[in-house]
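Pasting in a structure now, in structure tokens, and then I'll have a few things to ask.
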Amino acid sequence: MLYKEWIKTRWFYAVALLTTFALCGYVLLNINRLVSLKGAAHLWEVAMFRDAIFIDMLRYVPLLVGIVAAVVQFVPELVHKRLKLTMHLPRGYVRSVMEMLLFGFGCLALLFCGNLVMLLLGLQTFFANEIVWHIVLTALPWYLAGLAAYILVAWICLEPVWRRRILNILISIACLRVFYMSPAPEAYNRLLPWLMVLVVVSLALPLLSVVRFKEGKE
Amino acid sequence: MIDCINLTHYYGKRCIYENLSFSVPQGRILGLLGKNGTGKTTTINILSGFLKPRSGECRIFGQNIIDMNPELRRDIGLLIEGHIQYSFMTIRQIERFYARFYPQWDKNVYYDLMSMLKVAPNQRISRMSCGQRSQVALGLLMAQNPKLLILDDFSLGLDPGYRRLFIDYLRDFVKSSGKTVFLTSHIIQDMERLIDDCIMMDYGKIILQMPVAELLDKYRQYIFKLAENSALPEMADVYHPTVIRGNVELGSFLDADELKSRLVAKGVAFEDFSSQKVNLEDAFIGLTGKY
Amino acid sequence: MNKIEKLLVIVGRTFFVCVCAFLVVWILTWAFHFAADTSEKPPFTLYSAIIDDFAMFKNEDSGKHYYDAHANEYTEAQFYEMLPTFYCKQLIVNEKLPDTLYGRPVSAKFIQNENFTFKTAPAAVNKREIALYPLMESMSGRVDLEMPTDVFRITENAIEFVDMATNSVDGAKSDLFTKMFVQKGFAFPAHIISGNPTTKKEYDNGYLITDSNDKLFHLKMQCGRPYLRPIELPEGIVPKHIFVTEFRNQRSLAFISDTENRFWMLDAKNYEFQKAELPDFNPETDGMMIIGNFHDWTVSISSGDQLRYFALSSDDLHCLKSYEVPAEEPTKLQRIGNILIPIQLKFLSGLDGYVWPRVAVFGE
């Protein structure tokens, strides 16, 4: 099963890897440039007292990557209802779809972890640990939003009935809004563990669309 | 092999059929004939497990399709309308993908067929013609070697050469190993070459289920002319009579003498009476009407 | 489907229903507040020792309105004269500033020196802080304060100074300060570290720090050397929030709110605590503003919908007068909404900077 998913998505993940790492690199280079221009002390001060995090550019990147990942993985299954081919295999169809989802989720999680590690290591050359973690903890909800977006877009794509799909889209937009409610740094510290649990539980959501697909809902 | 009992389905409020029942015996190739909208696609979708009927059940290998043990599906080969496959894969990749799921997979059969197509193993399926794609689908089915094949409109999108190729290969494959096949096609001439038995459907019910040979032997198309000022009354055992300027064309399983005597009994004056055996397509049109 | 698969589908269905219910409540709450919320700014209120009452000013459609807590009306000129310390400059321009006030001779310079404003809001208190603090040189000999090139952190067993330019620990300086901490009996790590990390003040009072035993210390840097003075806490006071003050009159070192929600002023000269005669005040849930002059302080405390004013004597902080602003009656729309939408859900709050679901039942 993973073989098929890999063939479908390997080019996307290659591009995503390059793009996201390039963007992280750009952001770090930018900080470097600011340090030369204004001095490290100035950057530390605006981080400590003016809520600056220097990586605002990355805010919606994980969200976009998550959405496109789901589209690249699941739209080919919907064209001509090809998902039927996978669902006809001699193994539980729920299991098959779950494996597809876990593949994408896993790849994205790895990619995002890579990004965060790069940011962690890069930021440590400029800032004390307290500021580095301050920035990274502020960015964590964005990456979680990317994972949530992947699951929600898969849920939308797999839904066979168009009217229901529109409802799913509206619900997804509202749910993703939760991740972007406050631009204040570390505003999500309390909520983050709960959001992580909810995102993992939401992996069961696309299964509902698949069950409806199997029943032939039009 | 296949048993459908009291199938009922609606699309919204529209009734497709009620209490439809039929069986497919082992080792036969059975074709489902019906006009668009009579429930052919519905039946195929129910059989392939992608539509839940409003009521009734369908059993394959004695098990209800809906909660069948998924492992049993290794013995069901499915061809989706249009020979749909994962066309982002190459010939080699798609064989590798499916092979892992079927313990009895025979890749030689598949590659033998592929070599006749003159395509490179690394060629993407999306870059192949419709006909070549149909052969890929057939090759995968043959490599899977299932006991039962369900083919949804195998002729769709194929030109005559590939259609003939497909039919010949399939028939040879099926007959040599006693497989059971349930199929539909919108090209009835193709069906005639391939199927042993047929089921004819017409708006909500099954008109008949019988071996094709028997159908073509017993069914007659009758043509005669009505005398002036004579009309054709309602008659039993007669299918879709059409009257155009006094010329009557109708189909029936009654033999010529039996029909003539019934006409006379009803007081119908006629002349230029002729009968003929027809091919499957004409029989189908005669039994289901032109409209 | 096997058991696990069926379970997954049930989980999915339950999750879907919960999410929908949750979204419905959230969106209804938002829509309701959007339609029904009214926000009126309270009038500007200040205690006037001259009338021994709270003087108020409101800008209304009909024009500027000057009155007091007993609904007596005043003209603009009278209003300025009732609040001579606050409108000192205006009175000077109008040549109406008296020579003596409240029994003592005053000058404009004296008044302005003694005036101060203090403000704290829950949103600022409940914010996540980065535990790095710039310690300024408080005896530089220069007029303006300068931000240092390093910041300090207090760890499990030391105080460390980190140079910002090189992002490395200044070992020598850290050792020097840590030795002083140990010498003065500081029990690492710190509980509270409070100061004002800005150069926009007249002088620097350094930091007030509590150690792991809740003992209070005053930290400054003078000529590059550490100044650390333990401050004796009166019996039963455990500081919870400390607000270091650097007012012009240099009287107070800090305002301190303790675990019993009492409000104290810490004297800068003798390190003595003076209790303010105020009701319970919790900076995490209540907002406070103090407008003070040489004679009295006007303290406003806002908690939820309640707004109260207290006039304290600036000598001993006893309460001269108090006034509670009558709470706004909920509008008809708000009352209906609170019944129709019994459970209300929001993620943000004006009291803190966190995103967290907050549930209100029947509008409470």
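Just so it is clear, A, B and C label the chains in written order, and each chain counts residues from 1 on its own.
Keep this in mind: a residue touches a chain if its C-beta (ideal position, glycine included) is under 8 Å from a C-beta of that chain, and two chains touch if they have at least 3 such contacts.
The structure displayed is predicted, hence computed values, not measured ones.
Chain centres defined as mean CA positions place A nearest to the mean of all protein CA atoms.
The chain pair sharing the most C-beta contacts is A-C. Comparing the CA-atom centres of all chains against that of chain C, the greatest distance is found for B. One inter-chain figure worth recording: chain A and chain C are separated by 39 Å, centre to centre, where each centre is the mean of the chain's CA atoms. One inter-chain figure worth recording: chain A and chain B are separated by 47 Å, centre to centre, where each centre is the mean of the chain's CA atoms.
Centres computed as Cα averages put chain B at a distance of 82 Å from chain C. Shared interface positions of chain C, i.e. residues touching 2 or more other chains, are given as 1. Residues of chain B in contact with at least two other chains: none.
Across the assembly, chain A contributes 92 as residues in contact with two or more other chains.
Interface of chain A with chain B (complex): residues 3-4, 7-8, 76, 80-82, 84-85, 87-93, 213-216, 218.
Chain A meets chain C in the complex at residues 39-41, 44-45, 47-49, 92, 94-95, 98, 124-128, 130-131, 134, 171, 174-175, 178, 181-182, 184-191, 201-202, 204-208, 211. By the touch criterion given at the top, residues 11, 45-46, 48-52, 70-74, 76, 78, 80, 82, 84-86, 88-89, 93, 96-97, 100-102 of chain B touch chain A in their complex.
Partner chain A is touched in their complex by these residues of chain C: 1-2, 5, 8-9, 11-13, 15-16, 19-20, 23, 26-27, 127-128, 130-132, 134, 147, 149, 151, 153, 162, 164-165, 167, 197-198, 347-348, 353-357.
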